[in-house]
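Dropping the structure in here first, questions after.
As written, the chain order gives the labels A, B, C and D, with residue 1 at the start of each chain.
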Amino acid sequence: MIIIMEPGVTQIQINNVIEHIHSLGMKTVVNSGVVQTVIAAIGESSKYSTEQFEALDGVRKAERIQVPFKLVSRDSHHNDTVITIRNTIKLGSNNPPVIIAGPCSVENEETLLAIAKVAKDAGAKILRGGAFKPRTGPRTFEGLGKLGLEYLDIARKETGLAVVTEIMDPRDLELVCEFTDILQIGARNMQNFTLLNEIGKTNKPVLLKRGLAATIEEWLLAAERIMDKGNDQIILCERGIRTFDNKYTRNTADIAAIPLIRKLSHLPIIFDPSHATGKWNLINPLSKAAIVAGAQGLIIEIHPNPEKAISDGPQTLNFKNFQQLMKELQVLSSVLAPINTVSK
Amino acid sequence: MIIIMEPGVTQIQINNVIEHIHSLGMKTVVNSGVVQTVIAAIGESSKYSTEQFEALDGVRKAERIQVPFKLVSRDSHHNDTVITIRNTIKLGSNNPPVIIAGPCSVENEETLLAIAKVAKDAGAKILRGGAFKPRTGPRTFEGLGKLGLEYLDIARKETGLAVVTEIMDPRDLELVCEFTDILQIGARNMQNFTLLNEIGKTNKPVLLKRGLAATIEEWLLAAERIMDKGNDQIILCERGIRTFDNKYTRNTADIAAIPLIRKLSHLPIIFDPSHATGKWNLINPLSKAAIVAGAQGLIIEIHPNPEKAISDGPQTLNFKNFQQLMKELQVLSSVLAPINTVSK
Amino acid sequence: MIIIMEPGVTQIQINNVIEHIHSLGMKTVVNSGVVQTVIAAIGESSKYSTEQFEALDGVRKAERIQVPFKLVSRDSHHNDTVITIRNTIKLGSNNPPVIIAGPCSVENEETLLAIAKVAKDAGAKILRGGAFKPRTGPRTFEGLGKLGLEYLDIARKETGLAVVTEIMDPRDLELVCEFTDILQIGARNMQNFTLLNEIGKTNKPVLLKRGLAATIEEWLLAAERIMDKGNDQIILCERGIRTFDNKYTRNTADIAAIPLIRKLSHLPIIFDPSHATGKWNLINPLSKAAIVAGAQGLIIEIHPNPEKAISDGPQTLNFKNFQQLMKELQVLSSVLAPINTVSK
Amino acid sequence: MIIIMEPGVTQIQINNVIEHIHSLGMKTVVNSGVVQTVIAAIGESSKYSTEQFEALDGVRKAERIQVPFKLVSRDSHHNDTVITIRNTIKLGSNNPPVIIAGPCSVENEETLLAIAKVAKDAGAKILRGGAFKPRTGPRTFEGLGKLGLEYLDIARKETGLAVVTEIMDPRDLELVCEFTDILQIGARNMQNFTLLNEIGKTNKPVLLKRGLAATIEEWLLAAERIMDKGNDQIILCERGIRTFDNKYTRNTADIAAIPLIRKLSHLPIIFDPSHATGKWNLINPLSKAAIVAGAQGLIIEIHPNPEKAISDGPQTLNFKNFQQLMKELQVLSSVLAPINTVSK
């Protein structure tokens, strides 16, 4: 921790800061510049917030030198984490990208099964589908609940696909775990600490979406919380962030976050082109861009008839466009392995 | 609902949209411009999302004409809502601003009592204090939990102040309700729909903070959800939003949101200068600005020794500065009543 | 300057950084922590960008300790700067707030004169009016040009008001200086360095609006540039920033910037409620809030008939509402002097 | 144009709006819903701003149906524009991506020539280099000026590469045109209307960077202004936007803007990975992502020794990494043509 003092502070103020640092069991090194004094606190500073030092008299700013996320950091765990789902699917590191596809909401058994079959035939490994739907306003469709989970389970058994679904209420944990292979934490719940804590106590793989306005650091700290509770089966998912322009896209896809996360953390990262753009006709180019940038998977909304989908129609691919995308991803993959080898 | 078609759509596409609208029980009026066709859907469109129409073939954009929040809208309920707390405190409309003060976290009984007494003597009506603390990273102080609630209860009994505290877990609802007069929903939980639903089923007053990156509309829709479940005792709280610049302030205080909310909604609105700025030395001018702009209350972090506060020290007033602010607010109030009269 | 090294760097990398710093004529102090090494560069570091150090091998981050703006900083010039306009108007420090009012665009002589008279009678000291109008798209009204300046001059002579108008083209400098008392640099030109440099070489007072997405630091550095060229007659103007929500307001009024600028800089700061909100019915509360927060002036768009104004109608006050606001500001001022005295 | 009235307006207010529309030579169609009235203005509404209608009494909102950019819109000009530079380079449509490379600033003749040769040998077609440098603060290196242009000219003659350089001052137009093949308008000048107007009157190709916080629409309107003045040789350049998170990247690369612009406009679009990320080690993955997403070129900062570059060192590739990237782009291209064919 580096503590930068205001210009013109007194020796008493400086001494108070030094004493405070010592009282926390850390050592200090003091640099007195021409204009300002800087105090380095050396020791176990990660337990303390910067604000605790900024509250001291005469302090202009306290800066953390080390990243605040330790368990998820690549510094502490050099090799890529690979998540194994249903013993067969390997997500992470240099494994081929894992495609997750399915409807926004589970609507009925028949449609879900039709989607699952198309997804499987096209090469997807995991089925997505919402049984509990977060909705900005009340009085709209909030999902089929347990029935939706049961349909997902049927589709899982029929196709052999793994299943991922969102959980919003910690009280549903046992129920959702029974029917699903991966627990999804949605963007709006990325800082629902109650939910993170509870999921951290399970050993289910977790798909942790980035919050709408979450910094890279807050996102990794949400993963850190889950890992701190004991669960290290975490898949990060970039899904677009909120910026000043949402006229033509729903969010701004932060593609640079993908290679950045791969540098900062050992956890795998996937990309959600449906929410990141909000436009079905941007899903194809953004999916390919994400894979080329290093994404280890994609989660895509598909529906036989997006116009009739109960939710997220505009950001949903129909079967034909999904199959087309899957073919193009295949071609792209053929060339990425040699490129990646070259990159080393 | 206004549905704007792409340029160059076919009559078949137009007819499909019209049919779809009719199938939902609404009427249509069609305007064919030189370049584009616009279809107005007339009827109970508030049940349907704009995206449902945007998913239809040939549609460029669907726009809601009416605001999506009805119950909290001033259109539906013309008079200001006034929240009565402990039978004596009136918050809202033209009642004098209600000041809420207290520490970020409840630390121990003694400090809390000292704070409560100072708050009360200076004219505050409500004591704030966190027993369950949301924290971005794990391995930091997360509050005293039930013990914190008990200390708040003791302070309440000793001083007669009402108490507000944050609730994060729906499973704590009964416990927290027992010890508190107002339930606070924090910024990170503004779209924790599980929590909103549960609190909506109680009749406790709620302090609903605006999310870090929540639009005015999303915030009002969170209130709408609570009200839709049956609880209309909602106090909105502006606490700063996340923008591109956080070098000198923690957030950007959206002061314009205060008069805007008073125009859009009948619910009362208060302001949190501590979180909105993150700097104790901006609390005084921003508090006064908020009151002049129409805020019906303030929630301020105070501590006998902000340097030693476990959390939020840099944005916490010490007793002397708080007492000073309270005096200035008094002087300001004396002049606001005549101004407001003049304003009519 | 503080240079933070990556974890695990070699002594050679550290030595390279140290050598580089010495080669620039600065001294170094090195702190080797358990995990990371931090090097403090002591001396005239303000000439060098942080990026120059970040490009060195093994460096994680370079941080400036001192603020990069020197001339405009309160550290270097403790007393408030007061700008004197036409020998009579004093803007800055504890002088009564100076009100600037007028139309968005100068439309014709008659309307301008009518506006100027109302402005003057209500207590405004300066007339605003655009002769050269920045417009996002082409093929829209871009102002009357020189004719507009002449009308402003007539109004100035008739009423004795000072005049402020925007300059966009460095080639217009002589012309605009002839007809105006204050040169306005618009938000879109805050980083038009050519324009800043030229205006910096004059001795005309400058009204420097904050850019749409300019940080506090970039804004002060734009002022620094003007001052560095020799012109210290700078009035800063907060006019709202661009954020994620512009549904109900055009921009987000950053009221906290007002007291913050007064702490960071000796230059005066005023507020533009018209552009900051974009809504005429928010001008009144925001104007009062800004004054209470420490603004030393206001610049407000007024028009006899905002509905017929060529530009900015929705954010323009009619005469009646402007006169009302001026009365309320008067009442407010009566109470602010005693408050400010108390505040010391 | 759609004009949405407030709920509860009077027939007189509605009639006023209708009359106003008629007075502008447009026709009206009126829809009276249960709650609100909507008026469609049919005719040449693109000349009028929405705000002009929003200023009318009783109007809640005016919405433009047609896009405000006409000349640059794909609606008005269906085929891709291809820019031909020095008779040999074709940029746009399905031509192979054009790579632009070079230093941030022109530093001296020798280094520039070395860079130009490496760029050429690796397959770049255009040399970039700043002679006039925009700098946030004063007292930093602002480029070599005319001497820099002369060095660029020498490099151009020696290598046959075309040259692009930034112009900031309209008074430099003739000079810069003499030495360069493409005029660059930097992000900070995207709304420098004086500069846009002047460049619009030339027939030089223009590289128009997106502003730091410019919406897609504002960016296209800046291009529209240039085209409206007569110059249709415009290359758009996405270079990252400003968002709430800049801790690990300088800006947020808006990769979705690339395919979006290709849908909205006929103009070519390229990508600047150096400014978009600010980190040299993100340039490789983002460059490839941009190309896959449809970028028709890249502009990349390179330097023999980024650590010693006068500016932008941290976002500059060294020769080895640039050559590596060029090889990978080659491999990628081999597969993109078949994919794009499949996509049709």
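Everything below uses one rule, namely that contacts are C-beta pairs under 8 Å (C-beta built on N, C-alpha and C of every residue); 3 or more make two chains touch, one makes a residue touch a chain.
These figures come from a predicted structure and were not determined experimentally.
Using the contact threshold fixed earlier, the set of chains in contact with both chain B and chain C is A, D.
For chain D, the chain with the farthest CA centroid is B. Chain centres here are Cα averages; for chain C and chain D they lie 27 Å apart. Rounded to a whole number, the gap between the C-alpha centres of chain B and chain D is 39 angstrom. Residue positions 213, 242-244 of chain C are each in touch with at least two other chains.
Chain contact summary for the complex, chain A toward chain D: residues 213, 215-217, 241, 243-245, 247-249, 252-256, 258-260, 263-264, 276-277, 279, 281-282, 284-286, 288-290, 292-294, 324, 327-328, 331-332, 334-335, 338-339, 342-343.
Residues 2, 4, 7, 29, 31, 33-36, 38, 40, 42-43, 63, 65-66, 75, 213, 242-244, 246 of chain B are the ones touching chain D in the complex.
Note for the complex: chain D touches chain C at residues 46-47, 49, 51-52, 54-57, 68-69, 134-140, 168-171, 188-189, 191-194, 212-213, 218, 221, 224-225, 228-229, 242, 306-309, 311-314, 316.
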